[in-house]
Amino acid sequence: MATTIGHVEEVTLGGAEVHADTRSFVRKYIFSTDHKIIGIQFLIMSLIFLLLGGVLAMVIRWQLGFPKQPMPMGGVLPETMAPGGVVLPEFYNSLVTMHGTFMVFFAIMPLLVGVFGNYLIPLKIGAPDMAFPRINMASFWIAVPAGFLMLAGFFVEGGHAAAGWTSYAPLSERADLSGVSMGQILWCISLIVLGLSSILGSFNYITTIINMRAPGMWWFRLPLSIWSLFVTAILVLLAMPILSGAIIMLLFDQTIGTHFFGPAQGGQPLLWQHLFWFFGHPEVYILILPAMGMASDIIANGARKPIFGYTSMVLAILGIGVLGWGVWGHHMFMSGMNPTLGTQFMISTMLIAVPSAIKVFNWLGTMWMGNIRFHVPMLHAMAFVSMFTIGGLSGIFMAATPVDIYIHYTYFIVAHLHYVLFGGSLFAIFAAVTFWYPKMFGRMMSPFWGRVHFFLTFIFYNLVFFPMHNLGLHGHMRRIYDPTQYDFLKPVQPINELISISAFLLFATQLIFAVNFIVSWFKGAKAPENPWEDNGLEWTVPSPPPHGNFVTVPQVYRAPYEYSSPFVTEDFLPQNRELPEAAPSAAPHS
Amino acid sequence: MRQVLIGGMLLTVAACGGGEKAGSDTATAAGAAPAAGAAPTAMAGGSVTGHVKFDGTPPANPTIDMSEEAACKGKYTGPALDPVVMVSNGMLGNVVLYVKTGLPAGQTYPVPSEPVVIDQRGCLYHPRALAIMAGQKLEIKNSDPVLHNIKALPKKNRPFNISQPTEGMTTTRTFTTPEDDVPVECNVHGWMHSNIVVLPHPFFAVSGEDGSFTIKGLPAGTYEIEAHHAKLGTKTMSVTVPADGAATADFTFAATGT
Amino acid sequence: MSWLLPHGASTFVGEIDWLYYLILWITGIAFVLVQVLLVWFMIRYRARPGRKATYYHGNTRFEIIWTTVTAVVVVIIGVLSAGRWNRIKGRDKVPANATPLVVHAKQFEWLVTYPGADGALGSADDFQVRSQLHLVVGQPVSVLLTSEDAIHSFFIPAFRIKQDAVPGMNIRVWFQPTEVGEYELGCAELCGLGHYRMRATVTVHSREDFDRWARDRAARAAN
Amino acid sequence: MAHAGALHDEDVMLPPPGREPGAGVYNEKLGMWVFLGSEIMFFTALIGTYIILRVAHPTAWKAPGEVLAVPITAINTFLLICSSVTMVKAFAAVQDGNLSGLRKWLIATVLIGSTFVGVQVYEYRHLIEKGFVPSEGLYGSTFYTMTGFHGFHVTIGVICLIFVTWRAFQGRYSAKDYRGVEVIGLYWHFVDLVWIILFTIVYLI
């Protein structure tokens, strides 16, 4: 039976299809409604912001490692930022704020949700596109002006927002306290716009996953990446409007003189923190759940073995998605919130460690008795497990409220969040980009340079962030411009220098990735349909897949991780391959 | 490798910086606009000179506890005093004197090219009171090896809050609109205060330690001169300046203030 | 690069440091376990030609074991934390004999109001000192934290005490220094461009030294 | 066998054909339900803020009717409820294939919705003239933010309704395909519901 899907008008069976894609260049690559193009657009945008966030981090590290010394080539900065190359304290605060904002909202979140949510969901569930392709396009083209608004803040008088990425009121809303007015307003507007983009994206994902799964793609046959993106989309959908509402109130406080967060007429500074973290803690899981899901896919692929405990992995994702709403107060243990409330938040925080631990053990279980292939995505995915473990374990110190009294607001927190966000999310992103790159661009990335990039990143990354734990244990506060102002911090300044030098090397290492990414796009070896011998539906179509993805609607017969199945000679078994009746179509779990 | 990466990052940030600098230049140009509107009159040769005296026992100036700022404390042999009322030999310093009325309406005057300097030395502002013409450059200097921030909270001009973390830093700012009193403060050292009068014309002076002052460049005419002290209040006096001659105006403040 | 906490000098040091070292042991063991297993699996189960991985989907008994063990361990840590937390931060736990102080945080100074000779705040002999906290060894103090402008955070690393000062709120925090010496108080919450300079000296005196100092300061303030 | 949205003989009021069973409703309707989840959270943030601030500072609020004109808003509330009724009528009409009824009731809904916004603008102007502005304490802050964002939602709803009406005149809806009418109806009822909550907590308590 001949089928037409999307714009693919003619089909010849036997593998090669003939395209009659009549769309213009602009419709095809710029204002495209194709989820794959939108995913790639998000990829380019968020990698640019990742680079910019990294640049800001380098300036921060220069100042911390070598306080008040002229930065090499820093003289090109204007005197409102760094006269004579010496970073000013107000610029330092902007750097810290914008590094966080760029990385959280414009790099990691779009990389995970915007890029892989878009690219993987329809392909992996066997759908031709998203449920609402035009809304999907709008989601990207709303994110772009948000990015420009955020960048514009650097060019306005008074400098960019400087109250931290958490923008605690009242510092953030009073120009007389921060010296920043326009920058903070742009920050607010940009995030409101970006929030709209995220909400449009997420309700699209949810609808798509619920309604557009290929026949046979039961809920418990969904790959874990899709499960995690599904729960993430729900978190984005419900958390982003809270942030938007809070930021709108902050913006009104600044511009039209309302009194939500300023104490002068009864407003409450802590209210901002409650609202921000009520969004912010689900946000933390938004930033890690898709990473966990994609790492699960890649680890099962690399280990050539079914994922260990698929059901408990799904339950852990759901558990995190639910418990994640009840732990926001652990960001506020020192805020003056009622200590009894603090105890409750501590208990809920302790409990959320359980699903995370289950996932780590299951990843180990997946590798156990496997036949592990050390391809570049697998290297990154294993580093993800290792680094996420450190980030998870260091979280327990902070969840224990008495210990948190000491380490709250110190570099211990900085170390923890970077172990989760860089060691966790970013390693998983590297794994995912290198894994799905052949599908996205139809070419392979260089495995040699991939390995070089991986090992150097792994080493320098740990040299940068591991010693930060020790700084924090020494009492080193975060967001301080010049640690040598404190006598008790003078002895640890050499650690700061080590971290800074390692950070410069870490940044330089990322250029290897950038070059590999760009060069492979044009010069890489042509990618076959299924270079990693994976089971997912996306690997059953050409690389890159045509518009409309599947020539015929795939029929799904089994769970996504049937590696090394005894029913076939190969060590993989795609979800849509039909086996003779004799072989069971779905292996039992557990 | 490291230089390459730093270069890259600086290039990016430089792009941002360029824009900001252009912005502040524009602000300066706008500030000079009233002066450039009509053809500015060349400075005339008349002047007002005089002294500001202080009658009675001056009130004791508050002692400042600089013990947590060793670098500043070291600049004083005795206890550091905040010169709220600076009197020596019966003469009062830090009084801002300026032409209040008498200048022809609509007349504009060239903006002095010399900047007005405010120096942060020994964790105090020098001078503690100053006058500046709208559009004239205010040069802010840090002569201390510690962080100072300069927060100006004008009502009619753009507020600013900038920092100077290192010794020897200078930063330039301008005010665009005349304003009676712009308070200036440092938040790192809560005792540091100064007040700036922003004027539409260049006919102003600040009395020195000996209480003397000279307002130069006035055309012949009768003017009302106002003497303003942040603590002791305001006094006015009418003087007639002959062409290319000097008029005298002596003010006397007393302990009771206004 | 030490995993030991620096020397502390308040009554909270014992409680907090003990819990810290307990968690360090627990997480240290978990860390070693996971990393060793990871590396061992990498080596032991590396891909070799002609070999296939074991077709194995999981083991419910293992899952139950490690879920239970993790849950029990974190709940134990939680219970141990709750008691300590309450003793340190509980609103009814401020000792009755604690010396009252007011610490008013403003950009970028700590203004400390001492009760003077009568030991009570709000009387005529109170005096204020900028960015200097003077304490008596062994004497608990009860600090009322207020803020003028932004949120600041009162942090004395050596005393293991930290508390935000929030504008519009009066937050009480107490502690008891145990050793004579000089320490540092810092602001731990970003409060503006001078945040890094918002520092104060903490001096713990013997009772006699403190009285001498207080008399001297009170006299100076009276002038 | 084709994907959703392709124009074939399938019933477009059902989930995309040839797919694993999902929510049992067509995509647009499911999408709107999900999107309303997001809207609920947005208003939760605003209303939650209002409740927290009001509980902490009850004296910052004036007695009902002292500043705000309750009668005129009560009439306005009644109007908005009526517009939900006309929306239901429009929906019922299109289900029966009564296209003229659909147009009539959609126009009625647009008119009533616009009147609601108009009355709100009038009320704002009146209040601001009286000196009750957004910077007027917590009362002004929360009042203008909550009712303002509700009014913004109503305005968006009216714009969408005008679009749907225009399409109704173009004959784009029928008893077989009335997705647009049903989806905007869901949104409209939601906005109405939020107003009933806001009217109660802002004007009456």
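A, B, C and D are the chain letters, set down in written order, and residue numbers restart from 1 in every chain.
One rule holds for everything that comes next: a contact is a pair of C-beta atoms (placed from the backbone, for glycine too) under 8 Å apart; a residue touches a chain by one contact, two chains touch by 3 or more.
Note that the structure is a prediction, hence the values are computed from the model and not measured.
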Comparing B-C with A-B, the busier interface by C-beta pairs is A-B
Taking CA centroids for every chain, report which one is farthest away from chain A. B
Where the CA atoms of chain A average out and where those of chain B average out, how many Å apart are those spots? 51
Chain-centre distance (mean CA atoms) for chain B and chain C, in whole Å, is 45
Using Cα averages as centroids, what's the distance between chain A and chain C in whole Å? 31
Find the geometric centre of each of chain A and chain D from their Cα atoms only, then give the gap between the two centres in Å, rounded to an integer. 34
For chain B, jot down the residues that touch at least 2 other chains. 147, 149, 161, 163
Per-residue multi-chain contacts in chain C, two or more chains: 107, 192-194, 197, 199
For chain D, jot down the residues that touch at least 2 other chains. none
Take each protein chain as a node, join two nodes whenever their chains touch, and name the resulting shape: line, ring, star, complete or other. other
Contact pairs between chains, per stated definition: A-B, A-C, A-D, B-C
The chain A residues in contact with chain C across the complex are 88-90, 93, 96, 162-164, 168, 170-171, 174, 177-179, 263, 267-270, 303-312, 334-336, 338-339, 342-343, 346-347, 350-351, 353-354, 357-358, 360-362, 364-365, 367-374, 382, 385-386, 389-390, 393-394, 396-397, 399-403, 405-406, 408-410, 467, 469-470, 473-475, 477-483, 485-488, 495, 563-566, 571, 587-590
Contact footprint of chain A on chain B as seen in their complex: 1-14, 16-21, 23-24, 27, 147, 149, 151, 153, 158-163, 165-166, 169, 171
In the complex with chain B, residue positions of chain C that touch it: 106-109, 111, 129-132, 192-194, 197, 199-201, 220, 223
Residue ranges of chain A touching chain B (in the complex, touch as defined): 52, 54-56, 58-59, 62, 68, 71-74, 76-81, 83, 86, 88-90, 151, 154-159, 175-176, 178-179, 481-482, 501, 504-505, 507-508, 511
Touch list for chain C against partner chain A, complex: 1-6, 12, 15-16, 19-20, 23-24, 26-27, 30-31, 34-35, 37-38, 41-42, 45-48, 51-60, 62-63, 66-67, 70-71, 74-75, 77-78, 80-82, 84-86, 88-91, 107, 149-151, 153, 155, 157-158, 160-164, 166-169, 171, 183-184, 186-197, 199
